[in-house]
């Protein structure tokens, strides 16, 4: 038992996995950042579409959001990577497919964040804006959006963390992100414990500070 | 183009995947229900621990919650099934491992739902309870919890949907849930489009009604 | 495809000794890898290597996502219906593996009703389903099946003989053994989407390599003997 | 100045205003009183079209609110509105709250707008608060900034919807003071209020509303000292 | 009945009560007035230990609140508290709101508790509301239920924290009426209020608090007609 522990501590695999962690995490972060960035653009559009009085715009956005939120991102990735390419002859590179999957997936959740953020602003703000003569779009731009965006920061940060974790499933469409590389390591060495501990740490190193920062922001916004 | 569409509609694969959908979805639902059930027990305990003034209880719960929320469920499943079994000789069967993974994972999120639900109840409720002479635990039981639980229903339902989607990754530990079976179908028939459409529908058939019900409940609670 | 065209080659995440990641360098290596790079040299294309789980390679070949698939892939009738194979380049077969201290399972006839693991979407899965009444456990990664065997969660693994032998030798000496005869004879081929122009060129290069001994050199490097 | 003719307003099936007829002269101060839910706020909100009008007509300074060619933004900028809950813009300083309208709607330049803000803040007694954010103001101060913000658009008429009812009692006085000054300067005002003292002192006319109708109107002394309508009598007996 | 000696209360660094000395006799009605933030609520909350006491002593009917052997739940059940925002239990009917305390704390049986509830609802004029949920009551009705709920524990003293300040003006009267009845029956009461009319009419004594201290106390006519302390004067000039 005690010997086992010392063996474990001295295991070479802690160090040996490090290069893979580094390389994989870089790709993980890259996909997440770029994916969430485009997800924000998609989400803002879809979020405003959900606030629209135009039934068609509202309907299209709703279908998109519900389809995405109703299915696992793994299935979305499989669909995008395999089914779409077969049926429409579009072949994304694996990393591109990963970025698209994150953007499309995060976009649906961000749409709801945007809608919720805008709706959370007290109706009185809009009325005050309109009553000094601002147009509807000026009111959105100068009054509602700046306040709404501030409130959206914590849930957006949270979506970033979710998307970061979601990239782990891209192991199955062969994106060389961190989970993929560490599984490779496990397959090649038949050692499981150390690599998976290191893999968990790789995520925690990003997510825990991110969560702490978010909580701090949230607290400041509350006051 | 048009011919292709007719071919697609007449494709035998729509029907052929059905038995797999049925069988896989049954396992998916079974794992989800049992997993979330135990997740609720874990989550309630951890949630109250997070409300505790005892530093150790609070600390243990916090570490558990943050570790789980900071890592992908895929990594947790790999860890549970491979690393733990190899290192400690605890051998879960795949389905058991899946249930445990869902329970442990959902438990961390449910803990925050429980804590949030309890904290969302106006402080005045507690004060009113205490001021008529109820003890602290009576106040929790008769005043706070019934109100908090009602508010927890929508986020709990939401967690159920998330956990349902999370089961899709259990192929990696050889659980024959619906995504796994349909991937099998794809690799043995060389057809991708129809099976993946059916797979998406399989999830939507559960998640869309669930989301609608939740929204209805939420609306009723709001009033 | 000619000149310096980039060709997307799908290979398996882990199938020793045909393809696997060298944990020192982080690069993929193995018999298949050496072979395809040599072929690429001769035919004259650049390789864009995509490392995919085995069922993903099949799905990708079927959908035309990849130009070439090389993954110790057995040539089967079913697969040949949807995509094309090169001439065979390696002879293999399936074999049953059990724990080193296993006494009850002596051959494939003893696995009925017992949990037996293999890899999803492979010929081993087909064999198990068609020829036994075993309780089949499928993993995307074959190493996980071996680990389940050693952990005692399954009683046997059935898989391609070179991989089983190589794994026993490098990772599981004294923990695993093979029992019974070779269950099937199989031949590996390189996969191409239907009607690929590359196929003829690759076949030509392959024949050349067998001719001039390059193939034998690579074979010896990975299997310790010449074909 | 303002003429309301047979104004009806429904929310879905609920008819909230059931035919209002009223006229407000220039420089007149009209106070509207009545029980909760009687439609006082809705009446005010119809006057600057924060609510669409179901039927009837509202004419402000010759312009009909139901005219499809009406530039609604321009009209609103001429009708100042002060809300019960102030509705200051929390992400803007006091000065920015005041200058936003003039700059964006009237194309005033920054400098001029700032000068205007300084003047108005002086008027409401908050010269030293130009650069703070609303969060650091007391309720009474917030409401005075809201009045300054509305005045910045040089409105022809000011609408007040219970401007003091969200304030702590000891902060009410300052706001009423500012409103009295405005009235004395000749601003046309419609004030929904529970402050009977203010209505009596400053109102040229008092309107009593109940259940979406004007039940009685008259000078403050007519209404307060000698109400004719039994509903008015009950209401006043409760609040006075 | 109640004796408060040199009561101090701090929240972190903020000292909210800076040495309060006060005594309340049986059947006495004491009204507490003072500006917002002066510590009136905190004072009340210390009396039934909803807030822990930082230093000093509060003795109720011979029992010291700081006595470690004190059964705090029993004590609280003898001190009724009525909150500004009612704090009714929204998931329980009016009757259940009233019977919960007697059943759970005093081990009364259901039948007896129901009878008690019926009596109390009659007393506060809400006999017909026993089976509705609080959400369907008006503010004034809610507050009367809250009073009934507190009375159900047969408290020795009742604390009221601005019981009418969240109410629409025309609903205030009913609540004050119930409180007056209570006072007439001889209930010992401490009432934090902005209703100067009530304080003048019903208060045996009025306490003026500012900045965590009692600045002045005396009979209503002493305080209202002839305040000695300049702070009291300023405050009264604003609210009267």
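The letters A, B, C, D and E name the chains in turn, as written, and every chain counts its residues from 1.
One rule holds for everything that comes next: contacts are C-beta pairs under 8 Å (C-beta built on N, C-alpha and C of every residue); 3 or more make two chains touch, one makes a residue touch a chain.
Which chain is which protein? Per UniProt: A, B = Amino acid ABC transporter permease; D, E = Amino acid ABC transporter ATP-binding protein.
For clarity, every value in this text was computed on a predicted model and none was experimentally measured.
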- Can you name the chains that touch chain D as well as chain E? none
- Item | Between chain B and chain D, the fewest steps along chains that touch one another | 2
- Would you mind checking which pair of chains has the most C-beta pairs in contact? A-B
- Query: If you average the Cα atoms of chain B and of chain C to get two centres, how far apart are those centres in Å?
  - Reply: 36
- Query: How many Å are there between the centre of chain C and the centre of chain E, using C-alpha atoms for each centre?
  - Reply: 82
- Message: So the centre of each chain is just the mean of its C-alpha atoms; given that, what is the distance between chain B and chain E in Å?
- Response: 47
- Query: Which residues belonging to chain A are in contact with no fewer than two other chains?
  - Reply: 82-83, 86, 171, 183, 186, 192
- Message: Using the touch definition from the top, which residues of chain C touch two or more other chains?
- Response: 59, 62-63, 140-141, 147
- Who touches whom among the chains? A-B, A-C, A-D, B-C, B-E, D-E
- Message: Please output the residues of chain E touching chain D within their complex, sorted ascending.
- Response: 35-36, 168-170, 173, 194, 235, 238-239
- Message: Going by the contact rule set out above, which residues of chain A touch chain B in the complex?
- Response: 66-67, 69-75, 78-79, 82-83, 86-87, 161, 165-166, 168-169, 171, 179, 183, 186, 192-193, 196-197, 199-200, 203-204, 207-208, 211
- Note on the structure: The chain B residues in contact with chain C across the complex are 82, 85-86, 89, 91, 93-94, 171-174, 176, 180, 183-184, 186-188, 190-192
- Message: Looking at the complex, which residues from chain C come into contact with chain A?
- Response: 10, 13-14, 16, 20-23, 26, 50-53, 56, 59-60, 62-65, 140-141, 143, 146-147, 167, 171-172
- Message: Under the stated contact criterion, what part of chain C meets chain B in this complex?
- Response: 55, 58-59, 62-63, 78-79, 81-83, 117, 120-121, 126, 137-141, 144, 147-148, 151-153
